[in-house]
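One structure, pasted below without further comment.
Each chain gets a letter, A, B, C and D, in the order it is written, and its residues are counted from 1.
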């Protein structure tokens, strides 16, 4: 089982008035990792359709440790925990070599932009996603 | 059981390149509603301590319908679904009179900024929170 | 000479780690005021074209006083200081009854989205903009 | 004369509903470059005081070309165009090898956080800044 590794640079403005990376901003980090995973890797594996659109149906996110701005990036590891007929679930950990900051998961629905409606996952996409499929979600 | 009602103005920049309010931005709306609920109302009811600090431990959020920018605000209704010894769970609906856009919940941990650690919920805070307590979470 | 008055709600997240509304965020307030001015008022006065697109060519912004998050909105007053053949200049003050926080100006270029290029200001738009035209820019 | 070079990663969410990097977001890029310049480099050259605080007094920014999200970073080149008694002016270009997207300048005022007031630039800081001093601002 592979994990997609995304090196995520922080911005100073990611911190809020309490001096920590704001809880909402971590979902931006997940978005960047997910787009890198689905938009950048998928086409190379023959799944141009994901680039055409997908919709977030649900997030779950657990905040394990606070994070302060620094110049080195954090790592977002992503993998797939469920492949349904018309949705998939991505799990993530936001971490560095010392510790985990966030564990999360997102239900994504592929979307047909032309027809303006959700669509099924193709056989080709399934093949690609299965490389990243792990039975276990992130342990919280 | 009361619900806290927050009228949440949108910003044009809340939309992403797909022309919808971005999924991450809805968590900003929840943050605004939660701060309004906990920072503004609580002190008047004798709970200055919440203003001193609290930490988000977890979010769950379901996206029911897309939302496009408009000049009228959306309503964020908030209530309490669980009061623990050292945490509480807030449920929300983001809606307008016609429909619901988002259902979500957040686990909040009161935080002692001086001691730099989580703290227990006081008896006084419990009284305040119980006014907003409902057994049922938002139906998804 | 009229000024366009926009009541601009703050968000808690507009503050940065120094506990003030971040300098970049004030440009969001200007954006909201400008959109309210150009997208909302203009159509009612017969200038649907502005809603079709416009591009920011330049900002100048002076920070007069720091602003801390509060629950009452600030006021953004906007007016027009220059109407060119294919651009206009909007001046602004961000203020409340006690003081001015920011003075700024923006050069806006009307844009033809279909043709993908800048376009001239129509006679009709000029009439609308002239109501807000003042010779003097904001005094800094 | 040296220029400070900052490699600035974009985020997908930097785009607005028109599908371009939003004009306000470019000021975030300038902020990241400026913080990298002043907070990270200055201390190593013996100017810890800049890290203690500084305030933006003014921005001027010209938008030369639209920018669309991509996975490769843009470069922010920064240099100093004026060193006053209690302020300095930084000029920037946001570019890639092919073209320039933005030219801008910022007046920064060093700030004494303990005394809560602006302060003078030290002789030591002047020496550091002079390495980046160029008489000419960015040509617009």
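Convention: a residue touches a chain if its C-beta (ideal position, glycine included) is under 8 Å from a C-beta of that chain, and two chains touch if they have at least 3 such contacts.
The structure displayed is predicted, hence computed values, not measured ones.
Shared contacts of chain A and chain C, meaning chains that touch the two of them, come down to B, D. Interface comparison, C-D versus B-C: the higher number of contacting C-beta pairs is recorded for C-D. Averaged C-alpha coordinates put the centre of chain C at 24 Å from the centre of chain D. If each chain is reduced to the centroid of its CA atoms, chain B and chain D end up 36 Å from each other.
Taking each chain's centre as the mean of its C-alpha atoms, chain B lies 31 Å from chain C. Residues of chain D found to touch two or more other chains are 12-13, 24, 28, 31.
Interface residues of chain C, counted against chain A in their complex, comprise 12-13, 15-17, 19, 22, 24, 69.
Partner chain C is touched in their complex by these residues of chain D: 18, 23-24, 27-28, 31, 53, 55-63, 66.
Remark: chain B residues 9, 11-13, 28, 31-32, 35-36, 40, 71 touch chain C in the complex.
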